[in-house]
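Shared between the two complexes below is chain A, which pairs with chain B and chain C, respectively.
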Partner chain A sequence: MLRYIIKRVLMMIPVIFGVVTIVFFITAITPGDPAAQILGPSSTEAQRAELREELGLNRPILVQYGSYLKNLVLKGDLGTSYIRKAPIAKEIAERFPTTFKLACYSMILAIVIGVPIGILSALRRYSWIDIASMSFSLVGVSIPNFWFALLLILVFSVKIGWLPAIGISSPAGWILPVIATSVASLAQIARTTRSSVLETMNMDYIRTARAKGQKESVVVFKHMLKNAVIPILTVCGLMFGMTLGGQVLIESIFAIPGLGKYMVDAIMSNDYPCVQSSVLYLSVVFSVVSLIIDLLYAAVDPRVRAQFKSGKPKKIKATAKA
Partner chain B sequence: MENLLQIKNLTVHYNMETSVVEAVNDISLDIKRGETLGLVGETGAGKTTTALAIMGLLQKARAEIISGEIFLNGESLLDKSAKAMQKIRGDKVSMIFQDPMTALNPVLTVGEQIAEVVRLHEKCSRAEAAARAKEMLETVGIPSYRYKEYPHQFSGGMKQRVVIAIALACSPDLLIADEPTTALDVTIQAQVLELMKEQIQKRDMSVIMITHDLGVVAEICDKCAVMYAGEIVEYGTVEDVLDYPTHPYTRNLLNSLPSIDGEIKKLQPIEGAVSDPTNLPPYCSFQNRCKECMERCTEGNPKLVEVAPGHWSKCFQHYKESEAEK
Partner chain C sequence: MSKIHTPAMDKAEQKRQKFQKRRSTPFTDGWRRLKKNKLAMVGLVIIIVYAVIAIFPSLFTSYSYVTQDYTSLFAPLSRDHLFGTDNLGRDIFTRVIYAARASLGISLLSVAVSLFFGGVLGSIAAFYGGKADDIIMRFIDILQSIPGTLLAITLAMALGKTVVSLMLALGISTIPPYAKVVRAAVLTAKDRQFVEVSKCLGANDRWLITRHMIPNSLGPIIVQTTFGIAAAILMISSLSYIGLGIQPPTPEWGSMLSDGKQFLQMGTAWPMTVIPGLAILIVSFALNVLGDGLRDAFDPRLK
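Up next, the complex of A and B:
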């Protein structure tokens, strides 16, 4: 198992390298002059040239790339923001806990509510519970979360006045952003849980469990859910990675100092080092989350575990069907 | 000998979206203590539905028991609550399913799956249940150190042994084996059959052996019931039914088998196909394939007639003149 983890961590290196390289060259060929952006429209060409010189932007692109990689790999230096002149590593580290908390809270909410809803709809298929919860989740998947966030503010902050509209200085301030962030994941998790449980509930081994005289609740939670959990984990991982990547609109609406807004600001202001570092951050986040999800697969499914031990990880879906 | 299981006039239908599948139609069966009954018939004849009705495991959404009663030890199973049935399943009546590849839960160890049924029905500790499970593994010919292994680490035959261990763990009064060897290859079939035969004799339990393999019936059954289109068309001791078949369907079935010492010729299939179970005729459902079909066969559905003591057949051929006039 440890060998597998080490292998996966090593495999992350080429992935991240690839991402870093592609993003570096894309930002480099993007039209727009960072110097003009920084100095503003009233600057003279001489001032801009001076700044370009200072930032090293007039060097050949391969040289820029080389020095960027050198700093990144040897010093772990993500560079300095063009605009704020602050080290980017520090800026990301400052914002990460907020984004991480938002992602965790909304994920927990989505799982705690989404999974039971999914199970219930599957067990009571075509009942009013099923129809109601699946309509709800269809709406949940479809509505834009910023619109939903505004709606929440309108109802709970403006009309009823229970919760603060912006800021996360108090625990109550987290409630609306967490709900707004989780609604899409919640709906997606509920739908996935439903279809996965539906697929599992007609399996022969469920009949075997019933033939043993097992209680229905145990049949559902021990026999069904443990088998249905892999697709649910996949969706959870994807959703978690996405929220960790930052919720630009939610962060803007609720004035949360998170990474989503940070990245968009960086892109808008042509702050190349910031953009590159943000994408680097995203690729690391997705790699780590997918590693964790793969390890969770192994924790629930002995067949996946067996593959890890034999060192030949195959596609999980294929083996689950076999 | 007293009857362990009595099925009286059982009729089960499946309500599909646009049609009704008449899976089991008015069948009656008695199984005595210690008796092994072979339930024979082709796919769709209603064998498994009958078994699931006994187990109380018919799909609630689709299946409907139209009429009939099932008694186990004189107690009506169909009147029992879901909870009471849970106590009976796995303990008094247990079932071996057809496909061992899918009958075991892939994410639980085989030992756990055997111990589960022990813990459900016998008041014992986790450790005792595990010990019993290991004992059962040895009984079915699997070394007990494989307790902690998962189904994917076992071959098909081994999995079926585990399924048998689960079914036998609580020493049921009645074992229903639904085509236990169909999904296995021939050599493994023989081994599994041997194991079942040995256990049946040792435990003195009643068995319903569902199969379409007449060889299996000849091998381990005492009685044999032949099903066709949801009805029992012939019933009697294995000798009666296999050696002196009286129903045309049984005769055709036996004719279609290759003989080991006979001359090798073309196999003789039964012409035609089974009547559509959503649209069974009001008369004999074998009539369209029967070479011995008479005029009256399309006039009504014959009842089971006792052609010899304990040997019943559902065909107008056996109606005496007096009955014919009725």
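Up next, the complex of A and C:
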């Protein structure tokens, strides 16, 4: 098991390196002169040239990339913001915990509600519970989450006045953002759970378990769920990534001082390095979460462990039937 | 020797032709099953309605989407203004209708971009296997480890705040699922027995590709494309909401919502927030329902 964990952690390094490279070169192809962006249209050519020199923008692109990597790896330095001239790494570190909290709360809500709904829908297929919850989750998959956030504000704070529209200074302030962020993942998790349970329901071993007179609760929890859990885990991992991305708008709507709002503000003011670094940061977090999910596969499924023990860890195929 | 025609032979010939016309391909089978799925057909009808609206918006409204009318700001729903007016007195119904053009057009183009690149990468990986497969799929994995929305935001930011860059950004950031689906589809189609049989019977590559590989691998790709268009529509509205992509005064659902947000606290301005979102919800719902239906139709074993 330990060897498996070490191997997976090592496999993450090229992925993160690739992400850094892609994000760096995406920003590098940006047309236009960053110096002109920073100094504004009233600047003179001499001023711009001086700034380019200062930021090292007139060096060849590969040299820039090299020094970017060096600063990143050795000092954890992500560069400085164009607008505020502050070190980005510090700004991100201050905002990240809020974002991570919001993502975790939403994922917990989505899993705690989505999985039982999915199981129930599968067990009572074509009942009103199934039809109602699957219709709701279809809407949940289709709804733009930022619009849902606006609707929640309109109903619960403007019309009824129960909950605050912005800010997270009180615990009540978290309720609407968490609901808005979780809606898409909740729906997707419910759908995946349903189809995964439905698939295992028709397996021979389920029939065997029932035939030998096993209690229904044991059949459902021990035989069915244990075998249906891999696609559910997969979709939870994917949804975590979607949550991190979707949160960008939610945070700015509810004025939550997290990375998402930071990014939107940076987009508005053309502050490229801030956007670039935030994306990088969140992608790395997403990679770590995916890694944890991968390790969970091995924890819940002896087949995955066995594949590894035989010396040749084969990549398991856990396709999410969304 | 001259050919003899008897009525019975004519009849047999007609039957043969009829049978040939109704040749059973994965497509005709899928379509037959899809037609039975009422929800999916409702989705299809909604999509057709949206398409007609997007192509001929002027048939449905007599207003222009830019004309401002300062005598009726925030007008409520009425016969004159079906969905009321916004903060500049523009007719919301008209703006929602014209916005369909931008959203549908860009989503289709962006899906075409990802389908093209994903298709090329996926089929190269599947055909050649080995090293090419490894390299391409590694690249796809890396691309996929950047959350889609964030990748699209970075790309759209880098390429400039224009419609073309929005389309490219969306297209490129959603390559991974297409590449994976195409790769899997080609791999399965390649290994199917009837392909081998056909090859043994002397079929050339063209016949193999057009008669066997394409029809048998299209199902999952069509399903992915349908879901992809829905996702693209949601993503376009998100990006426009934060000011990337379509710039005012061209109406777009997402940017209309961002206008509406400023007047959220004003009770009477609710149509500005509710209506454009409903427009997005309905079309993406229709696409998702159709996608579900298509998946069940092409892959009946999951039903």
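To be clear about the criterion, the second predicted complex is superposed on the first by the 296 of 322 C-alpha atoms of A that agree within 3 Å, B and C clash if a C-alpha of one lies under 4 Å from a C-alpha of the other, contacts with A are read in each partner's own complex, and residues count from 1 in each chain.
By definition in this document, a contact is a pair of C-beta atoms (placed from the backbone, for glycine too) under 8 Å apart; a residue touches a chain by one contact, two chains touch by 3 or more.
If you're wondering where the values come from, they're calculated on a predicted model, not measured in any experiment.
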item: Which of chain B and chain C A:M203 touches, first, second, both or neither; value: first
item: Chain B versus chain C as contact partner of A:K90, first or second or both or neither; value: neither
item: First, second, both or neither for A:K212, with chain B first and chain C second; value: first
item: First, second, both or neither for A:D301, with chain B first and chain C second; value: first
item: Residue contacts on chain A - larger count, chain B or chain C; value: C
item: Partner chain(s) touched by A:R3 [first = chain B, second = chain C, both, neither]; value: neither
item: First, second, both or neither for A:T27, with chain B first and chain C second; value: second
item: Residues on chain B engaged by chain A in the complex (per definition of touch); value: 55, 57, 61, 82, 85-91, 94-95, 97, 99, 102-109, 113, 116-117, 120-121, 150, 152-153, 163, 166
item: Interface residues, chain A side, partner chain C - complex; value: 14-15, 18-19, 22-23, 26-27, 29-32, 138-139, 141-144, 146-147, 150-151, 153-154, 158-159, 165, 195, 198-199, 241-242, 244-246, 248-249, 252-253, 263-264, 267-268, 272, 275-276, 278-279, 282-283, 286-287, 290, 321-322
item: Chain A to chain B touching residues, read off their complex; value: 125, 203-205, 207-216, 222-223, 226-227, 300-303, 306
item: Touching residues on chain C, where the partner in the complex is chain A; value: 138-139, 141-143, 145-151, 153-155, 157-160, 227, 230, 234, 237-238, 241-244, 254, 257, 260-261, 264-265, 267, 270, 273-274, 276-277, 280-281, 284-285, 287-289, 292, 302
